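Before anything else, here's the structure in question.
Read from first to last, the chains carry the letters A, B, C and D; within each, the first residue is number 1.
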Amino acid sequence: MSTPFRLELKVRDYELDMQGIVNNGVYFNYLEHARHEFLLDKGVDFAALAEQGIHLVVIRSELDYKASLKSGDRFVIEVEAERLSKVKFGFRQRVIRLSDEKVCVEGLVIGTALNERGRPYLSPAIESLFEV
Amino acid sequence: MSTPFRLELKVRDYELDMQGIVNNGVYFNYLEHARHEFLLDKGVDFAALAEQGIHLVVIRSELDYKASLKSGDRFVIEVEAERLSKVKFGFRQRVIRLSDEKVCVEGLVIGTALNERGRPYLSPAIESLFEV
Amino acid sequence: MSTPFRLELKVRDYELDMQGIVNNGVYFNYLEHARHEFLLDKGVDFAALAEQGIHLVVIRSELDYKASLKSGDRFVIEVEAERLSKVKFGFRQRVIRLSDEKVCVEGLVIGTALNERGRPYLSPAIESLFEV
Amino acid sequence: MSTPFRLELKVRDYELDMQGIVNNGVYFNYLEHARHEFLLDKGVDFAALAEQGIHLVVIRSELDYKASLKSGDRFVIEVEAERLSKVKFGFRQRVIRLSDEKVCVEGLVIGTALNERGRPYLSPAIESLFEV
């Protein structure tokens, strides 16, 4: 079994809400950033693809919020990719607080790729990310 | 059957990403804002509760992204509340583009309330939101 | 003297920070949104221009923070445009809390327009916004 | 002369706007985060102070936008503190793109500290940051 891709970040205070914890919406940003870094690590550049008219898009997300991040917390975002169907792929992601290895958020983000005509199409480079 | 609560908003250009569409993470913000307005409409003030140490928290979200919002789009966010268990409640939410009534995002956001000791507890005011 | 353009908005709870007030960075978003609505009102569509390769860009901002917005506050953003030089224009902007007419933020945002080659260029439509 | 405090970050794609560049409002977030890291480095914890009722607040910002950051760019934020008056302090900040050492944003952010009664008050720990 392969090791998940890991990206380490630190909470920024503007990401906190009035409850003094990272706002739920921000985890979406964290997860997106980690997916793009994961893709880049595999040679797939989200921004360069977008300029070519190939759009990686999220079609579904399922997230469980289990614990909160606060000011100063360091954390890791894990990313594992899997092929779900001919044109769908999934990212299993976890946000793990480093001080106590607590899983704060975990979930599945399902996506597809759209070509310049807006049709689902997985290029060979994208397909290769999701091989068994 | 009751009519869902509806909040009308307009896309702001800073919410768009490099693909020229509202970034996925922003829908989370839209949905949260609509839930808080829904609660306020029922006499439950999220911010006032937070100051009293009662925190409404999201524990799970399931969202389907079906179409995109772009610059200038007006849209409605629908909210319907339901009781899921003794300490869990759910919000069925939809983001609907007004120009063509297209559902852009729909999903279920599951929450609970934590009292000042961090224990799940639904006050009578919160419970009354989720009666049949 | 002309009346400033006015846009009314309401604070969204995700815009608050751990101090329970609208985060300073968010005013930047408010001001940008109001400028784009002002431009649209004059027939200039920021997003459509960007697609044509004409970019309106901010080159300097000077903001004074005088009071805070909190959860539930309604406010108005005022916009007045003025010509500053051959290729520079300015927006005088104020964020005014509606409950007590208190000015929360006021400032000057200076911009220019860049053509598709990245050179400063004010089209007639843009120029006409800043006539005396 | 002392060396400025430096914090290195990388652009995250959700920070880009439809022009494919980091949105102006995001620089405010970058600058705030760098100020908080600077303060922490000197032993002053913004979040802990806020919980004690001592609020560091921005009262004015002057920013010049000179160049843009794009997807993938690494950059440094510099912070230098100076005492401006009995109750005001300033942060000279620069955002520098690492690939070519280009200054993208530079500016002055002026702040004060408010005690639990909302009155300007600089504690000895805060004052010591701004000694000559």
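Here are a few things to note about the model shown:
Everything below uses one rule, namely that contacts are C-beta pairs under 8 Å (C-beta built on N, C-alpha and C of every residue); 3 or more make two chains touch, one makes a residue touch a chain.
The model shown is predicted, which means the values in this text are computed figures rather than measured ones.
The chains in contact with subunit C and with subunit D alike are A, B. C-beta contact counts were set side by side for A-C and A-D; A-D has more.
Each chain gets a centre from the mean of its Cα atoms; for subunit A and subunit B, those two points are 22 Å apart. A separation of 33 Å divides the Cα centre of subunit A from that of subunit C. For the pair subunit A and subunit D, the distance between C-alpha centroids works out to 28 Å.
Residue positions of subunit A with contacts to 2 or more other chains are 13-14, 16, 18, 20, 23, 25, 29, 32, 47, 71.
Looking at the complex, you find that subunit B touches subunit D at residues 13-14, 16-18, 20, 23, 25, 71.
The residues of subunit D lying in touch with subunit A in their complex are 12-14, 16, 20, 29, 32-33, 36, 40, 45-47, 51, 70-72. Within the complex, the subunit B residues that touch subunit A are 18-19, 23-26, 28-29, 32, 47, 50, 55, 57-66.
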